[in-house]
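To keep things simple, chains are lettered A, B, C, D, E and F as they appear, and every chain counts its residues starting from 1.
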Amino acid sequence: MVYLTRRMTFSAAHRLWSSFLSEEENYEVYAKCANPHGHGHNYILEVTVQGMPDERTGMVMNLTDMKKVINEQVVDWVDHKHLNYDVPWLEGVIPTAEMLAIKFWERLERGLPSGMLYEVKLHETENNLATYRGEA
Amino acid sequence: MVYLTRRMTFSAAHRLWSSFLSEEENYEVYAKCANPHGHGHNYILEVTVQGMPDERTGMVMNLTDMKKVINEQVVDWVDHKHLNYDVPWLEGVIPTAEMLAIKFWERLERGLPSGMLYEVKLHETENNLATYRGEA
Amino acid sequence: MVYLTRRMTFSAAHRLWSSFLSEEENYEVYAKCANPHGHGHNYILEVTVQGMPDERTGMVMNLTDMKKVINEQVVDWVDHKHLNYDVPWLEGVIPTAEMLAIKFWERLERGLPSGMLYEVKLHETENNLATYRGEA
Amino acid sequence: MVYLTRRMTFSAAHRLWSSFLSEEENYEVYAKCANPHGHGHNYILEVTVQGMPDERTGMVMNLTDMKKVINEQVVDWVDHKHLNYDVPWLEGVIPTAEMLAIKFWERLERGLPSGMLYEVKLHETENNLATYRGEA
Amino acid sequence: MVYLTRRMTFSAAHRLWSSFLSEEENYEVYAKCANPHGHGHNYILEVTVQGMPDERTGMVMNLTDMKKVINEQVVDWVDHKHLNYDVPWLEGVIPTAEMLAIKFWERLERGLPSGMLYEVKLHETENNLATYRGEA
Amino acid sequence: MVYLTRRMTFSAAHRLWSSFLSEEENYEVYAKCANPHGHGHNYILEVTVQGMPDERTGMVMNLTDMKKVINEQVVDWVDHKHLNYDVPWLEGVIPTAEMLAIKFWERLERGLPSGMLYEVKLHETENNLATYRGEA
């Protein structure tokens, strides 16, 4: 089993705000991340697939195909967008790094050959990131 | 003359849109950067001052003081904000990296000892940045 | 299960020296790392917790709380310190990256909610790092 | 169990070309990576060993020894070389990141104390990398 | 005057060899960089233009146009190529970082609006780079 | 004129303390940097020389020679040392990044061909650096 990772970047705005919380609780939990007009990040997304290299090509998966799937399933939807307003499949999702990693996993699993997706890492800033491996 | 640089980061949303241009021209010039709800970046701001080190302290300027000025004049105003709506002194400014570098220079020059500011570098993404040295 | 990582940095001095070894053996094992006055590093500490995101907040853990624990249990004790002399809970510990990772884990486990700590990564330089997951 | 990682770099040329494929298929699969004279990369190799720190030294393995093994088994053979022509033990191997990671693992396992090698990561560019842990 | 920088990357092979030197001298000067089949790098190219931001757009130059010029004049010619064999306008040029920076400047100056090009930086590895500003 | 830069790293301990200041003033100015046993950094040193590439070699200066001079004049003296106690030519110097950049310039100028040294950059952490170009 070899793991192959493709790194991609996108820039997006978001606001952390929960409909389960009062305005006061929202500011208590999210502090400046709850500011009304939102803020933004240069996200770094690292997608890892697993498999044995094909003997004829030496590849677990063609990086060109991998990039195409990541763009079609995730990056083209979120790049230069506001995550709270512009992405249908993020409707009702609080766009923390954790929740985005889970949602990106669900989208990527649909686009990639069955059983190949191993890990999604989403860096929100140089100081924090979320990792999801599809574990319940 | 020694140059001393302090790097700081902030996260903000912005939208590129010019009131001098028609809607069609705006999308032609700014493309996806003109999306209505904006997007965002992890900005990296590098501020450089110049001077001779003080013989008693070995410092051109105390980095603690430098950080305080950068926070008071710039970072506290823009961090976790939407640059088109939330910053009074950016009103009417198209928030490109170039324009932000100029505006940040003007703010920093006011807060720093006269003649010390040498350069403002503003990285918008890992692939582009603007540099301003106060030159006309 | 989602993994959430917070990266923090601190600067410290240390000297590698073992009381189990003779002076000659110490220099043989640690070479220039055994120099008497010590040297130092900009350490990068990456702490990872695991859990399911809370439905009401979308968070595995609030990054602000996480930062507070890491500061209280580790960073405030070691930042701008000499690891051989200034940290009571490192007394008698040879401050290699491996031993520090283990000690930091023990401190963090005490400060974090039970069962949440997943991994401690400690980068000593850009070329070496130790990882500890609490495995015996 | 603690994991200790040593990062090293080397620069090499390679060409992706498979003898199992026709010329047309080769260009279809590898695109510009199939250009006849090859291209090249600054590879980053991260080797991780596992073990308990020795009580007398605080070390899982001496980083100096680890560097020596990595040089002797891998880096001295591939640095400033063309991977398709200059490395006897890569003869007949399609030099994708995946295949190189497997071959490097085999070489390193031979040079390191039995059971210590945990992981080989090979970064080909800032955007892609392969990871191998010796799993069948 | 504001300076705007666009960073781009490409991967290429090269061999350092001078027709002015004997075989022995070549190996003495270039050492392993003279190996016959060449080696390669992930080059990082930073191109900086200078100007005043346009009042109507807030831009010194549209980054999309800048990227297009850099691709047409430089990156499309050198990416995934062997610099000694595949690039007509590098024929007879010893492909050191210094010489490449000069040649890239000449190409970029032709593609950019007159007087705008300020600086070309070419990183060959994480440890060395050449900078050219068109100075005689 | 082309500028050629070589990056090197070293790890050292230091303490900021001025004999011109009282103990109270020292802690006021240097805060935690004045802690008695010192702390340390992974310094990054970037040395830039200027010149025209030699027609026969395509080089401003051979990077191997440049590395040799930087090691002999600076890195071998400071790596894995305590800058306040172990370096004869830093005696009496307050080891701020600014003062170190000046002292390193003086040492490098002596080792390099006359007139070639252009710039010394010394990064103390990822957030601050000093630059010296020999200007009075």
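Convention: a contact is a pair of C-beta atoms (placed from the backbone, for glycine too) under 8 Å apart; a residue touches a chain by one contact, two chains touch by 3 or more.
Because the structure is predicted, anything quoted here is derived from the model rather than measured.
Steps from chain D to chain E, minimised over paths through touching chains, total 1.
With every chain reduced to the mean of its CA atoms, the largest distance from chain A is reached by F.
Chain centres here are C-alpha means, and the one lying farthest from chain D is B.
Under half of the residue numbers found at the chain C and chain D interface occur in both copies, marking it as a different-residue contact. Centre-to-centre, using mean CA coordinates, chain D is 34 Å away from chain F.
Distance between chain centres (mean CA atoms), chain C to chain F: 28 Å. Here the spacing of chain A and chain F, counted between their Cα centres, is 41 Å. Each of residues 126 in chain A touches at least two other chains. Applying the touch definition to all chain combinations yields A-B, A-C, A-D, B-E, B-F, C-D, C-F, D-E, E-F. By the touch criterion stated above, chain B contacts chain F in their complex at residues 1-8, 48, 53, 55-60, 62-64. Looking at the complex, you find that chain A touches chain B at residues 9, 11-14, 32-33, 35, 37-42, 79-82, 84-86, 125-126. The touching residues of chain E, counted against chain F in their complex, run 16, 18, 20-21, 29, 31, 93-99, 101-102, 126-133, 135-136.
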